[in-house]
Amino acid sequence: MTAVLLANAVLWPVAVPLVTAALCAALWRHVGAQRLVSRFGTLALLCVSLFLLWRVVAAGTQAIQFGSWAAPFGVTFAADRLGAAMAAITGLMAVSVMIFGLADIRRREEAAGFHVLFHGMLTGVNGAFLTGDIFNLYVWFEIMLITAMGLLAIRRTRAQLDGTLKYAVLNLFSTLLFLLAVALLYGATGTLNMADLGRVMPTLPPSATLTISALLFLAGFGIKAGYFPLFFWLPASYHTASITIAAIFAGLLTKVGVYACFRVFTLIFAADDGLRGILAVMAAGTMLFGVFGAAVQWDVRRILSFHIVSQIGYMLLGLALATPAGLAGGIFYIVHHIVVKANLFLIAGAIHRASGTFDLRRSGGLLKRSPLLAVLFLVPALSLGGIPPLSGFWAKFMVIDASVKAEAWWLVGVALFVGLLTLYSMTKIWMEAFWKAPVLPREAARPVPAPMLAAIALLSTVTVVIGLFAQPFVVFADQAAASLADPSAYIDAVLGPGTAAAPRTAP
Amino acid sequence: MTLAYALAIAVLAACGVHMMLSRHAVRILFGVAVLSAAVNLVIFYAGRIASDVPPVILGGQDALASSAANPLPQALILTAIVIGFALVSFVAALALRLWRSVGTLDGRELGDAERLGTPFADRERRP
Amino acid sequence: MMETLSALLDWLSAGLVTLLMVPLALTLWRMVRGPGYADRFIAVDMLTGIAVAIAALTAGATGRREFLDVAFGIALISFVATCAFAALLERKGGRR
Amino acid sequence: MILLSLLALASKLVGVVFLFAAALGLLRFSDPLQRMHAATKAGTLGAGFVVLGVVLQLQRLDATLIGLAVVLFLLLTIPVAGHLLGRAAYVSGADMGGLRGPDALEGVLDRQPAALEALDADAGLGREL
Amino acid sequence: MRPSPLARALDCLVLAAVFQRELVTSSVAVARAAFARQPRTASAIIAMPIALRTDFGIAVLANLVTLTPGTCSIHVSDDRRTLFIHALDAEDPDAIVAGIRTAFEDRIRRIEG
Amino acid sequence: MLFAAVFAGFPAALLARFLAARVPHPGWVCALVPAALFAAFAAMGAGLGEAALVERLEWVPALGVGLGFRLDGFSLLFCLLITGIGALVCVYSGAYFAEKPRDKGASFLALVLLFMAAMLGTVLSDNLVGLYVFWELTSLVSFLLIGFDSHQVAARKAALQSLVVTAGGGLCLFGAILLIGSAMGTFSLSEIAARGGELTASPLAPAILVLLCLGAFTKSAQVPFHFWLPNAMQAPTPASAYLHSATMVKLGVYLLARFDQAFAGMPAFGTTLVVFGTATLLVGGLRALMQSGFKGILAQSTVGSLGLLVLLIGLGGEAAALATVGFILAHALYKAALFFCAGNAIHATGRTQVTQMSGLGPRLPLTAAAAALAAVSMAGLAPMIGFVAKELVFEAQLADAAGALAIALVVVGNAAFGMIALLSAVDPFWKRRDAPSEIKHRETPGLVLGPLVLAGLGLLFGLMPGLVAQTLIVPAASALHGAPIEASIYLWHGFTPMLALSAGVVALGVVLYLAWPRVHWRLGEWPPLVALLGDRGYYAVFDGILSLAERSTRMLQNGDQRRYTATVVAATVALVLAGLLLAAPGFAIDLDASALHPAPLAVLAFIVAGALAAARTRSLLAAMVSVGIVGFGSALVFLVNGAPDLALTQFSVEVLVVVILTALLLRLPLNPVPTRTRGERRFDAVLAAGFGLVVFVALAAMTAVPFDPRLSAFFAAASYPEAFGRNVVNVILVDFRAIDTLGEISVVCFAALGAWSLLRRRTGSGGAK
Amino acid sequence: MNSIVLSAFSRLFFLLMIAVSLYVLYRGHNEPGGGFVGGLIGASGLAVLALAEGVDAARRALRLHPVAVMGLGLVLALLSGVPGLVTHGSFLTHWWLHLGSLHLGTALLFDIGVYMVVIGGVLALVLRFYEEDAGS
């Protein structure tokens, strides 16, 4: 039994939320029972994802084959350091958001299927992080998409419905591009297993099919991830979600797209010069136009939504460099940003609770009213702004340092400039919501409930810890990046020892 | 023959995209349906269209005849079809809900999401 | 002699599918051009018959029963679509 | 044996001809109800003949059972479908250009004065969206 | 008085056989019309009084009518007393009604018992 | 030891936030921390000599980042200033906030202690990244202190401005640091100073120079970033005294000084500093003439002083090093004292303008005395330390053989200092206007301790330079110079050229003072000058960026769904085209010879016709039927190509889609008005065609790629013997790739559930129409 | 739709379709069919019922809440993978029982799960879409 548990470490982070979602659906009429199952499932998810992380660190890349069918014939789940870290951070996010949700989720939302959809989304996210099969990845993406739409529209306000429509259109297009790319890839290689693709691809002669497939992957994932100029759905929808949901979206969903890019463009398609150039332009555009959008907004959630885009640019920058240092920076950035951005959305919720509005033009006075919240806000806000020694500083450090080492000067310039504007818009929130005297006395304003503060404090602590004790995280990111840059360990873990080193022959 | 398939699929994809570019939610939905049909055909095409023998092992035999059609793309398309159906249904529900709540499905009149907290409100009010 | 005849029959069977493309095209014309919604729906209904025939002929041409299963499914399920069309026309007509 | 094959071919051919006729009727008849006659009857019969022909050709028990089931389903569903469509067409105010004789339903069923699609023409808008 | 089960089964068979014949002839008629140089257009909607007891019987009748030459049932009145039939070629409505009555309705009534 | 000294401030700040609100005399209590640190540094400094005290700690070795702390003469000087003045500031703050809410004072004291720690960290860091960490922290605390009175718009605005400027500069510094790391492979300051040749030889050297200067100039308010510092006077006075005159703003100077040795081989460095330093000196002096706010005038003089310091660093030689150190010390003593005095005057009267104060001398006697002493020092008159420092400055200029013009400019600048000194010591305290100002607050011990101590020290060190010469100034100058300096410092050098220059300075200063009342408001309202010297440029850039941001956002995120989709489609097509051009994979088609089968061709034509009809028709119902044609046609394609399972599924799904869509269309108008103009439709057609072309090219090229049937071959062989199913497709679905199917039914489940919830009946009231 | 003809036949169609759907489900492993198509056909039967006699009739015919049916189906599909996990250490490794040429396995359970999800899901959709608009 223990052996089964250990050997399937990579299964649990997907299985646990899926079982939770299924049970919640089966208990449809019993909201109380759903809530219980859901809370238990969330805790279990954190445990199993940390367990996976421990397994990967202790024993190297973990891989399982469903149905005992050997790769590449069956479907593989595999977790290297990157995948395991993403799963672990997903667990952390789930728990934090659930804690916050204790004070934010309404019964009406629970009755509308919050728990099912929430765990369904976690299933999709973890599935995407852990699968080793490109078509299977598509399936998890779709689970993510459908549950995200369900969650987004859960209160059915007009804004939510409109936002969901915009979310739906571009994300549907994205998954179709993705599926198209998968089909082309399958047509050109005859295989779907990502490790197998990684093994086969270098042996194939160039062909327009493969090139187009690669670029369609980029476009498809790019829409999900919110790259320039594909990000429009994000600022059009995220701010309409109820805040618990927006927080987990902000933390996780776009990052799945980024993760997929990292995976596909290291394992399957080697980033050649042309592709790197394209990625670099996209990265710069993403950083710039995201932060531009944020700079002009007055609604906290919209500021934060645009910042998601902007920050995604830094991660993409890491990929565009395609050096181990760049990849490491990108990975560190992803992990840091998930925590920080989810936290900021949670804080936006707390701001709303404490001042009765999300609109900075109408809020204020929170430094006096909720000094603890003010301090807790500073942590992720400054981290996002790249102020040392918080996590965001190291993230920027790694990415920009990698750009310097790669002599990508203009990217360095853009990245630094965007950092300043980021700090500016965080300052704006601080000044308007916390410093400024309240514009109007608000009836809707209430004290911030303890669960909200607890969730925020938890994530702020994580940010501070990553910042102050960055070394293990940096080392981890370096190792994760090394295994991306040289995927032979991954390939061996999936296809059997020695496969990657074996002479490759064209089919 | 293969190129005929390619051409038809390309036209299909183009039509789907053209419909997705509409501002009417239902038309967009139709566009998604057409585009996803095109993509399904791409999967089919990618498995090479070479046979009209179903990939079912005849009684008395242990393995599939070599002349049979490629079963893997068929399985993949099955999955994709079902997923497409689910998504189309959901979006249809969304459209219905939008219609009930807002009374329009025309993109030019749907702006509740981005009007929320927009920084440009003051200017937009001006004619 | 027998082989030749049987080959001829097979060829004819295969040709029948091609022959069916003509009614298919005519039905398509009615579906696309209308002019009325009722016309389109009736044409869709007609498609069922053609589809069953195509499936059956494919079964004949390949000698595989699996295609008859498809005809079976089509015959059974297409009725639901027609019901839905009728419901649409009737309620829409009743209400506008 | 060969006779059976010939019979099968004949049956299929008859079916195809009926389908042909049905499609032609669909194209040529002047109003939806008339077209429906073609679609339901000739279409059903055509499909049925084709299926029977294939059953005769395959000469296998399982194929025969399935084939007969197909014909049965067609006979069960198509008239209901025709009935529903006909009524719906009438109610929705579809064009009844071919109706020269009496309309016994007048005053029994509410019939819309204009067809749904006529709204296009009323609005005077182009076809494209 | 109810007929014996055997008689009902027999009636069912006869009904089926009659129906098959009618179906073929009707299809032939339609096909002829479709191939004709000038498709006839003189159709009509006829009301046919019926006297069946069960809804199922009425439904069966309606279906049989639909599948027979040149006719198609469109509606059953709410009181279940009238069947409205669309006739493709309604030169002699009474003959159509009489044909249906003898071919189908009487048999169904017998089967209903 | 150094670690303890640096990090003591952080817990102390935290503690202060809680304690200061609860103990009596919080200022005195909090002052214990900096006082103790001062003592500790004094003790460490005493044993230091020419050597340096170094402590290292690994932090993020993976990035080459450590926390190296290094105490040499130069940093010792800063440490003593920071902790010494810090202690006085604490005392002063306690008194300053005595009548305000206790929480406010506590927060302020906590920030002061936090700031002290950050400053110590900056000047002690040997690792550049560590330095940067503390550097940014000082910017941040400065931001919080400037905006401390956060309910005032002006305070918030000034805080933001200072943050944008200093953090922006910080990012430049960060860039410089990374470039240095890349060029040198190390972040250690001492190592970089030692290997300066490598640095200047690097091709990155010019970029490093520029970025470094940007970082330092913003922090130290050099032209053209001089505007933020006077605006920062929105901060409470103790903060102004501490951060914005005595310590933080000197960080830029500190940094430049630290790099002076490394850039020795690069004359551009010195030239740049001299040019910008001189300009800043003059601008500071000129703008001081234009002001009338007490703190504002002092702030402008600080800008000038910083300019002077930068200029001095730009000069070479031992004399310059001595002058730099001497002037840093003198300036810190008199400027902090003057700020305290200004604070007392403002605090007492509630007025901020010099012109609004009069006759305060008799009522604030100790303040007036301290101000007088400090002013003498500032004016560069004997017997104050300021005099000594000024003599050193002129000596350095003469030693560097600076041109006559340069010397003249420095004289003018110093004259402005003299003018300001007179203005601050005389006007508020001794000048009699219509009526003496009303006094709201009297002097308290806490308020006068700081100015008296600092002014007194200025006098003490002036009279007895030996007290600090060999213990502080010379070691600091040696550290700065990079080699031991032999020098003795006296108050009286005899009659030297420097003395002549000093006399000139004094005379000019008096003239300026006399002219000030007539000149200052005219200058202050002369638009060209205000525009040139004020923060107009900053706002032009700031607003320019914001308006660019606004325009780009309005263009990109304009709320139009169609625009979004069109952009995404266009981007996708453009990406593919760009990728094809860049990768140039070649394009090959294998035109297979197999005959065209009419039936599949007809089915394909059927699909295409359906799709075209769907795209063209306006009626939604007709479009639905046409989409149905596409789905149905796909089923036929599957049917005639050996995929019965697929055909059946596709057909069933098509039927159910129809069932659902008809229900949707039941509620909608079937002929909605067109949502696109004809032009938009044409444009969309082009886009769609582009997308179709991409698909076609990909598919056509696939014909030339051989297919690898490994997977299917395995399934074909294993399906029955191992998975016991004859329908290989179904075996793949439930066994080989069952997890896909599991995911697929999850999608169905979630989609149906989502739809179920979306369409649930409205519970309760409210919502849309 | 209040058509006597349809109402009279709807039960028949419903039963027929359910029967066929179960048959298709059962033999899906060896012939075209399987849980998904089976589910669709079954759901179509329910849809006919819903169209002919109103959504409540269809809902009554299923007895359970459609969402709960989906949930149970998902649970069943997940459970079908557990025996293999326990014995082979690999999720979704199916157990088989061989009775001559008849092979019964947990794969069928999996397919039943698929069937239930599809039935529940499609029914949920149809019910919601064909519910009369509230108050409009």
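Odds and ends about this structure:
Letters are used for the chains, namely A, B, C, D, E, F and G, taken in the order the chains are written, and counting of residues starts over at 1 for each.
The working rule: a residue touches a chain if its C-beta (ideal position, glycine included) is under 8 Å from a C-beta of that chain, and two chains touch if they have at least 3 such contacts.
Chains and their UniProt names: A = Na+/H+ antiporter subunit D; B = Cation:proton antiporter; C = Cation transporter; D = Monovalent cation/H(+) antiporter subunit G; E = Sodium:proton antiporter; G = Na(+)/H(+) antiporter subunit B.
What you see is a predicted model; the values in this text were computed from it and never measured.
Comparing the centres of all chains, each the average of its CA atoms, the largest separation from subunit C belongs to F.
Of the two chain pairs considered here, A-F and B-G, the higher C-beta contact count falls to A-F. The geometric centre of subunit C is 70 Å away from that of subunit F, both derived from CA atoms. Taking each chain's centre as the average of its CA atoms, subunit E and subunit G sit 37 Å apart.
Chain geometry summary: the mean Cα position of subunit D and that of subunit F are 75 Å apart.
Subunit C and subunit D have Cα centroids separated by 10 Å. Looking at subunit A, one finds that residues 18, 21-22, 25, 66-67, 113, 116, 135, 139, 142, 146, 149-150, 153, 156-158, 165-166, 169, 173, 180, 184, 187-188, 235-236, 296 touch two or more other chains. Subunit C has residues 20, 24, 34, 37, 41, 58, 62, 64, 66-67, 69-70, 72-73, 76-80, 83-88, 90, 92 in contact with two or more other chains. Each of residues 550, 557, 559, 561, 565, 569, 605, 617, 621, 623, 640, 642, 644-645, 648-649, 652-653, 655-656, 659-660, 663-665, 667, 670, 672-673, 675-676, 695, 699, 702, 707, 709, 711, 715, 726-727, 729, 733, 735-756, 758-760, 767-768 in subunit F touches at least two other chains. Residues of subunit F that touch subunit C in their complex: 598-599, 602-603, 605-606, 609-610, 613, 617, 621-622, 625-626, 628-629, 632, 635-636, 639-640, 642, 644, 647-648, 651-652, 654-656, 658-659, 662-663, 665-666, 670. Interface residues of subunit G facing subunit A in the complex, by the touch rule stated above, are 65, 67-68, 70-72, 74-75, 78, 84-86, 88-94. The touching residues of subunit E, counted against subunit D in their complex, run 23-24, 26-27, 30-31, 33-35, 39, 41-47, 59, 62-64, 66-67, 69-70, 72-75, 77, 84, 86-88, 90, 93. Note for the complex: subunit G touches subunit E at residues 3-9. On subunit C, the positions that touch subunit B within their shared complex are 58, 61-62, 64, 66-67.
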